[in-house]
């Protein structure tokens, strides 16, 4: 997910513009034009830093100098100075909240993701931890990027990405197998095809119809075992990737992940992650 | 925060456009053009509904019919059918995730807010529960609206709203009193002035300098008592509004709120609220 | 109203883009690529300079060098050289009209505002001169900023700013007092509440219902006296701010302003101000 | 300048969006959702109506019903009801100011233009009254359209329109004749070429070099006579169009216009026109 | 590539807006406001219709009525009436060129694609004909959609789609195998990986390193045979998809396609397709 | 068609943004952050370079260094190195396709135009070769600019440019002469008026009614002769410009152009031009 800096700048500045309205009236009243300042961005708790690159791009695009003291993916300590910023004092104060909102959301998502990835590694599993499309509207790039920084998989980015045939599609198509065969035949060669199944018996059907991946939706660990056996019996185990999704939490993660599952996916890393506590402190001021 | 429907539509459709990319390829492959469907939006857990109005505006703007079975601010039960949708099947499936992301985020924020407001009411207090500017970038309107639906106060909307002199402004200005006096003298008559104080002794100084509101930042309940005594002594108690902010959680809320405090504010209702679990189910399909 | 330069740049460049269409064909035909030039922006009449900062931001964002010879708020003389510009000749000629339109509109508004402010000061009054929301669509920031430069008050910036209950709101609500009480109870603590009254008797009612400000709409100086007496009698004089609005002109300003009025507001400073006569002259040309 | 309604709608709604910010908080507090209202737009003074079509497009695009009681170009009387509006009360109140700002600016420009056109007609002249590119940034379409409604000529719309070689172009090119010849040779056949001349002797030179139009810039009536004589002598009179520009006012208009001049142009009709006094009154309210 | 109609409308109207500039001045002068008309869109040559859906969406979004007489993918005959349009005459004339430009470009691309697809079918092959990312900037959706309509494969839509490791990536990475292994290990499970190879010997290396697809870039038919043999020998034939790209034309298509190749891709269907000759004729006019 | 570089940048970056989607995932996986590279843009065939300036503006705006080895309008040879680029390797690879699409389209259009212009010059004629409004939607500026670079005439840029009364306008207006007279009387003095005629007898009628230009639409060379005779007879030959349009190809160009025709116009130079074959090659890589 590489975006040239200038492209990223525009997305980031639109965030700032939303917060500014017709301009920062407090700063205009209190801070003399031309004053310069230095400030530190400080993480108040343990977690995983994310958004450092994006914050730097936004700040530098406004003419500020940035010294990053950690990089995306680093673990943060309590009172960790993440970055030093210097330049026009009015600009620093006006952009403060936008930068902190970005850093604390992205770091919160990366922290939540990393905790899950750690459990997988500790259990010596290779299962990938993936997010879903449950991102905040407008923040798709930033939410998915934070998952990547935390060590997770971004899953589908858009509806024009991998084909994912879900329960509602099957409800409309009438039959899982027809839906998959239809997609297989007419889809671009460049796309994988994943099918969401809700019953054990549908897993081998999906594989037979040509799915590259099968999403076991809201399966209990026991049902997952059943699905794997059914796939083995039908000769498809190992030929399709298996994703477990629904009802998975940090607590039960390993139960799901240990079942020969290639991917576990959770909406909560993007739609319910707690923001990491990060703030900014002006450390020095120079009048013009 | 009334926005005419057509203005709101444009914000909402840009959310959908982000998710669509170059179009929903799964739906295009599986669902015949011209097929119609009916679907239900179902809440899977107890909470407070928010975003019903916004979801309806988005769906109707795409030509779908919507029957809302609850309204913003209503409490939801497990398996509560929130809305029924009918119309073009491809459109319903393409907009599903965007509508659910909006509803589950807004309802999550309203639910978190309502829980706090309830505690205040149960304690027979009049303290307002306010959010902060810690909104998701680009979602300011929706996050603040969800707080309102939950019974909270939106606090400042933008940096061009109420003047709020924070620690970093004072660091640049040199002196709290100079900062407030300067603002008082030059600010528009249409704006209130709030000052963030970090020490008990600064509360009467802020009031004397002309603040309309004083934010007691990271004060313990004991310090809050001290500040109130100092304000009483200086003759300003009751003449300024008092806001407690920082370190407040659902658990300790009443300790803070009971101290003659007019407003308690918490970032977590917007930046760390858990999404409410809401999904969509196609209930009927009609081929063209 | 502080906007970081990069945010302002984008607003300003969209003004230029409107004028350019598919590009400046005259300049492309006449001026060789790579030629450089120097030019002066000259004010042809007495007035107040405004837009100097905005013009500099636009010009510099296009890669031109700018030497400002006056600053926002300075008085201009006939044939006053306001700024010197140097750089790419094609760029200078293409941006000429946009820069002049901006400077002459903003300076015209600042000049009209300053004339009123002067009268107030000469009369040794403290009444604030405010503009209204009668700005040119799309130019809200620039029109309000020009009023500030002229020494006026920006009044409400948007409909999401201070609550202002006008005649039409009361017509819908049915009763002034209900409208104010309703707003008082449910509005954010961060907002002031102003009420427009059209009869003397309504002034104390508005104050009693909780208004922070009262707008005396189309009151004659005599009616204003009446309203003040009524407020005194009811014990509210000095506790609410009073704004006179409607029918006020440069000529009768002092009649209105001398009546213990805190604010006088006039739409004409933004919607009917005469543009200041400012032009540009190329002073030197260097072929590539 | 015909724009399909849907294209115009988008321009108009962006004006409204600027004024709304995060939404109309007064209306949200005072006016119940679902209430409907009727309102009248009333002109308070004599003038020329313009913007009726644009106002109707904006209002109707928001779902309101509009009955226009006058059309663009009609003369208005004191207390003239220009349009009746009915529909959602919140929407009517939120759009009030934007609609009035548009109508009063456009009607002000049309009124100023019509006054000039009338003098020309009364003097039984055929000279066209044209505006210039001195429009408010972002309002080019609306300012030029209002001039048309008033009976004026829109002159160049953009820098990609007619070629207009001005003093600064000539300063860069070195010679008027070289500039014109160069343009004549290389310009698209679809464009006219106009040249601004500042001395009588330059008029025949411009014509000889191939100009289609000659702008006599800041010429006195006497100098204009001189230029016409020089053109007659050189055999170009009647073969080029003549535009007088600079220093022309309503008062001296006829002096300039009577001199065989095809066009007189004035910046003031767009950059200094007084807004026409127009307001809105709610006449009826229906609760839901 | 399903886009809800309202999303598509906005893309389409921005095309119209570009052509309109400040409005259609010819139509405004010639066609009375309120006149209605009927018109036919006529194809002047044999080809494949594409853009019918998009044209209808644009026309209907402007309030016109559309009767489509053919559908996307249909073959057109000389003087084939493709659609009938009725409604506001000014709107029909203003949108004419934009609609025709869209239809003739999309139909041209579909026609060129269908010709290739036909040759493949006639040769009883199953090779897919794919386009590339050589689309006109801004027209990605429309160019790719036209390829689909013609029976081709859209290949990658964006740089965030399938991973495609090209010569320049390998030049930077140093080694084809390292590049593929690196991608295989770290890429999202949702993405396929394709590798461009320029030498026969690289084909089995790419397959061994984990590629899902191999693009044989600028291979002669003989080299393609060599690559297939090398893949057979290494045991990868049939396990990876093979794409031939570079130097393929309508003439030599079958030579390439017959070589066990899954996909042939050509830039020319999108970047060099001849526009289909389509025009519009007003058939009936009704004054208001 | 001069656009200041910053204005052009924004148009160009939006092209890049379309191709990037959520970012270049291949480059992110393969190319280390911070690596730098050098690359060459190479033309693989004979043609006319266009888009060199635009490509340089885009590349430089992304922070890359560009050395242009040819300029717009130069002829290219096989394997001609057109530009050298150096800088951030990820950025170079991400922008590669967008730059090449721009260069190959613009150079293709310039090449096609130049071939026609050459034939005219070889025949010692002065007829201008013009394009039409048959540009790719969204690419008007770039298509027209490429025609200019190739030596052609841009014709009308927008519908707000020259008045061009076509068959469908006349169908609505009822009569050619009424349409022209109406336009002549009411159009801005700044616009030329062109009329499309479809019969020989209409040419003198158009001239008589006041047309500045006459477009002979789908006239055979013989009909063109007839039209010229009719104009001579009526005394208008030499007083109006004549444009031949419709059915003109590279092959029959001279037949049309030799007939005293001022302009020949062809849609195919913009809507059917073959892209010039241009690619990019990384020549050097430096790890960070």
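Brief remarks follow.
Here the chain labels run A, B, C, D, E and F in written order, and each chain numbers its own residues starting at 1.
Keep this in mind: contacts are C-beta pairs under 8 Å (C-beta built on N, C-alpha and C of every residue); 3 or more make two chains touch, one makes a residue touch a chain.
Predicted model, so just to flag it, every value in this text is computed and none were measured.
Most remote chain with respect to chain B, judged by CA-atom centres, is F.
When the CA atoms of chain A are superposed on chain D, the rotation angle comes to 180 degrees (nearest 5). Across B-E and A-B, it is A-B that has more C-beta pairs touching.
Because chain A and chain F share one sequence, their contact can be compared position by position; here under half of the interface residue numbers appear on both sides. Here the CA centre of chain B is 44 Å from the CA centre of chain D. Here the spacing of chain D and chain F, counted between their Cα centres, is 32 Å.
Per-chain CA centroids place chain E at a distance of 22 Å from chain F.
Those residues of chain B in touch with two or more other chains are numbered 1, 20-25, 27, 31, 94, 140, 157-158, 160-161, 188, 191. Within the complex formed with chain C, the chain B residues making contact are 1, 128, 130, 153-158, 160-162, 188-192, 194, 213, 241, 243, 262-263. On the chain B side of its complex with chain D, the touching residues are 1-7, 10, 140-141, 144, 157-158. Partner chain D is touched in their complex by these residues of chain C: 14-15, 18-27, 29-31, 35, 37, 39, 89, 92-94, 96-98, 100-102, 104-105, 108, 133-140, 142, 157-161, 163-169, 171-174, 179, 182-183, 186-188, 191, 267-268, 271-275, 280-282, 285.
Interface residues of chain D facing chain B in the complex, by the touch rule stated above, are 13, 16-17, 20-25, 27-28, 31, 61-63, 88, 90-91, 94-95.
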